[in-house]
Amino acid sequence: MKRNLYLALSILLFLPGLTARGQEALWLSNLPPDERQREIRASGMHKLSSISAGRGQVQIVQWVRKGNNVLNADYVLNSEIPDAEFYCYSPHGELQTCGVDSTKTFKEPGFRNPVEGYYNLYMIQKNVRNDTLFVQIAKAELLNHACRNGHKAVDEKIRPHIYPEVIPLEITRSRIRLENLHFFVSSGDKLTFELSRFSEPLKDALVTFTTHHGWQKTIRSNLEGEAEVQLIQDYFTPWKEVDNRKIYHYLAVAEYTEEQGGEYKGQAYRYTHYTATLSDGYYPSKIMYSSLSWALGLFLLFSLLIGGGVAFYRRRRTRIYKELKWTKA
Amino acid sequence: MNNLQRYINNANISRFRLIFQILAFLLLIYGGYLSIHIGTSIPTFACPYNQECPGTCYLISAQHQLHNTWSDLFGFRGKAFLTGFITFVLLFLVINKAWCGYVCPLGTIQDWITKLRNFLGVKFSRYDELSFKRLKIIKFVLLILLVLIPLGMSNSLLGLPLFSHDLSAPFCQICPGRVITPLFIGDTSQLLVDFTNPTTMIMSTLGILVLALFFIGSFFKKRFFCFFCPMSALHFLFSSIAFLRLNKKGENCTRCGNCYRVCDVGIKAIAEDLEHTYMVKDDCMLCLKCVEACPENDCLKASFLTIPVFSSTEEGFFKRNLHLDHEMQNPSNQSNNEDITKNDDSKTK
Amino acid sequence: MIQKPNKRYDRLSTASKKRLVIESDSVLNELQKESAGTIPGMDYFYGLARSYSRGELSKQDKKKYIATSCVQVPIELIYAAGAVPVRTCSGSHSMSQAGAEFLPAKSCSLVSATFGTIYTDSIPVPSKPVAIINPTTCDQKKKLSEIPSGMDIPYYTLELPPTKDSEEAQMYWYSSVKKFSRDLEGITGKRITRSRLKAAILKVAKAQQAFRQLHQIRKEHPSMRGTDAILVANTFFYDDIDSWTQHVDSLNHELAQGLHRDPGISDNNAPRILLTGSPSIFPNFKLPVMIEAMGGHIVADEFCSSNRLLYDTVAVDEWNMYDMIPALADRYLKACTCPCFTPNQDRDRKLLSYIKDFRVDGLVYQTFSGCQLYELESSRIGSLMEQENIPMLYIETDYSPDDRGQLSTRIEAFIESLSARK
């Protein structure tokens, strides 16, 4: 009921903004296009796409895709968005060089020699259309971790950072309690996204959440700027179809319009429409393919069998005198 | 110095060991809460499946490091492997197999189960000689598989196809430590059967079987799992050059068999062998119960490099057995005795 | 076969007992004369030996007595079953003559003396023993149980294996001891419980500790005559074990103080003698007394009745029945150097370690004629001593006093040659 009210209000208040929709969301993806599959290796625990840069060094790369269809979204070519700006922040908050090779076919931002922790990679693409400046902020939160580097100072490494001086609209996935460097989203998890604008939580923004198989949900951020969604268990009824090592992707798109006029590259506009996107991977939840009760049951069964066997053997030994056996005639 | 030596030789090492084991257990299971980090080449079980572990056991590092192609292994990754291996060996050499007897949390758990069995008055089992000889090969087989399977996952061994990725860290999948150590921080998530494909099903079921064997086996036989432990097999390769040594003087031995009788892991050689000096054999975990039980002066001795740490003494034996405080009147302690002839080392100091 | 209530039997019995008193008194007088009261702690043991010979051992009220014929019977079990063990091996010539009627001419004097003691009802305990435990150690002892004698003390055969190294032998001995413990319960009517057995093991362990302390003290300096030490060990069964332990402790205390030094034995030049072979049991101190009279100093011996009596220890891992009984069994089998076992390399090693620890100059190997086991080992020990360059004197004797003259000559010569070598 309340949702419908919100929807009605939003339509009334942001009628002009409605025309702003229709622009496809741009987002950063870890999944390489088919043409690039051969050169790409999975690096670290979270299988970040990387190219070998010689002598054991890697360059982590991402791709820009567009559209809400997570499974079949198109890869954005280099030529389509030539003015996109890229910002890459290391886990300590330092701005790093984010190389985008203009000779490559696809838009492929990347950074070298990652250290342990969460990297924040941003792409800001602006264009003006129909009196509105569309600011598309594509974000990727990349966790780089390899067990051989140890597990110290976990809390610092996983803390989410925001950069309000540069990024106008931030969307972050809230860390769950006791999250560590090996955390991976599983289907069935409750995800909370935090939106902030200039370090202030952004309330009432529209968040659209899409899963790999196309399930979609639209929510509004609350007063604290949080939007909560439960990632549904995907439909894997025959357990043979569960591939517990395959990474599926979700997409969260946050949108917000405000009356802010100005000029961009010679074009005037009256409204600014911000779109922030965040995409990440998830695994099918463990309960789809593993069973704790089976394990407990088997454990008890084995214990009984073995314990019973030993007790029976001891019984036999006290009665029957142990004799030599000849095994071969 | 003499008084200190005498005090140590009379001490109840079993009680000291119990306390030390508890402390080591607390460190290796709960160390992560204090952000302690002691490396990834620990020569005993310290399972990373337990979130709060302060380090990882060497076997898991080895299995992961061996999961590389030959070219990588002989290239830059080989450096990591060698470093890990050398760290392991150096750490091991310091206290030799006492890692098993004093530090290993799985060993501690087995000792507690043994105490429970003792309390319940259930008889323990022993292996007869033939079974002992046959079964002790299993841990070496496990060690070899533990090395070959990860290699086989990245390289083709003997023309076989690459092993499935589900066999990653094969020993960890059947190790009872993986299930047991997280239980102590309240995490039961490792006790599961993985139905993804036949390989994972078999491996996780094997893991459950080994867990059941661990509990029931160590209930009936003291330190059952240690007999099959590949870490013990790996230790055995370097045990002869370690610093903490257990030596025997065959000429002082009366072959009373006390040492064999109290040995948890059933090493007969400690009682029978009169020629060799170095007595850390098979699964010896340097618990030093044999030294405690030896009633002859200076027959069994635990020494660090050449410094004697704990020797068997007659006085110590009786003191421990009888809990008596009566001090043995040893003439060499009396200063008013002029008639002391040669003071050989068979006397209690 | 002589029936019990018979005049001839009565005469034999009384005469033997009287002669036992005479024998033991003469030995004790000699011992006391030599030591000249320098060690007050020994008085208790002399007193005990005298009471033994007169058949007046201390009365432990309401306790059953169980006789044993060899040291390899686990006495802890007997204590745990609420009875008191008494070893019946005897050193009395008169007793051996009493028993000689039923035994072949060439039989070991010790065995016939043991039999004689039993036959003439001379086991010096207040009440008649309820059983005689007879382990199958040496041949002659083994067959004792079959000699009909009209005694109504039942014999119990404790089965000992003839070897001790193989696993089978050890397993056999375990089942034997287990069976023995159960049968003991039937004999005494008392259950062997865990706490009783533990208490018994610890009680005997205290005695072992005192005994080993004495052994260590003798290693340090010549504070005691060898004959006195043998007597101390021989009197182990004559009194309540706690009382015996206490007196040995105080004896040790005295010796350790070093205050009572007999000038005769502080002479460092006296040749140090190790005795081995068939055991000299009180009152058969013929050989030890003679050796000391000739100037030798007996520093140690390898007799089962003295130095080996309480030497080995029991190590229990878990104080439960299933571990205590095998621990006991191991103690009585594994370290035993009796020649009834084969191979017996442990005896060689023990002799060598005593020679080294006690700085022995010469070995006296005693065998009783008829004791084939010790006789058979003599050649091996002889060649071992040759290798180690230790002179060995081989003496074959028995309980009769007839060969004193010849023996004293030989011993004198031996001791002189040892002194010359020093």
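Residue numbering begins at 1 within each chain, and the chains themselves are lettered A, B and C in the order written.
Operating definition for what follows: a residue touches a chain if its C-beta (ideal position, glycine included) is under 8 Å from a C-beta of that chain, and two chains touch if they have at least 3 such contacts.
Here the structure is a predicted model, which is why all the values come from computation and not from measurement.
Student: Please categorise the chain-chain contact pattern as a line, ring, star, complete graph or other.
Tutor: Its topology is that of a line.
Student: Taking each chain's centre as the average of its Cα atoms, which is closest to the average over all protein Cα atoms shown?
Tutor: Centroid comparison flags B as closest.
Student: Which two chains have the most contacts between them?
Tutor: After counting contacts between each pair of chains, the winner is B-C.
Student: Quick one: report the Å distance separating chain B from chain C, using the average Cα coordinate of each chain.
Tutor: 44
Student: Let me have the rounded angstrom distance from the C-alpha centre of chain A over to the C-alpha centre of chain C, please.
Tutor: 87
Student: Which chain B residues reach two or more other chains?
Tutor: In chain B, the residues touching two or more other chains are 123.
Student: Mind pulling up the chain C residues that touch chain B in the complex?
Tutor: 167, 202, 205-206, 208-209, 212-213, 216-217, 219-221, 249, 252-253, 256-258, 266, 311-313, 315, 317-318, 320, 322-323, 326-327, 330-331, 334-335, 346, 349-350, 352-353, 356-357, 359
Student: Using the touch definition up top, name the residues of chain B that touch chain C in the complex.
Tutor: So the residues of chain B touching chain C come out as 118, 121, 123-124, 128-129, 251-259, 261-262, 271, 274, 289, 293, 295, 314, 317-318, 321-322, 324, 326, 328-332, 334, 336-337, 339-342, 344, 346-348.
Student: Quick check: in the complex, which residue numbers of chain B touch chain A?
Tutor: Contact set of chain B toward chain A: 32, 35, 37, 40, 48, 51, 56, 61, 64, 76, 80, 123, 125, 165, 188-189, 191-196, 204-205, 208-209, 211-213, 215-217, 219-220.
Student: Which of the residues in chain A end up touching chain B in this complex?
Tutor: Counting only chain A, the residues touching chain B are 55-56, 147-148, 150-152, 180, 239, 242-245, 286, 289-292, 294-296, 298-299, 302-303, 306-307, 310, 314.
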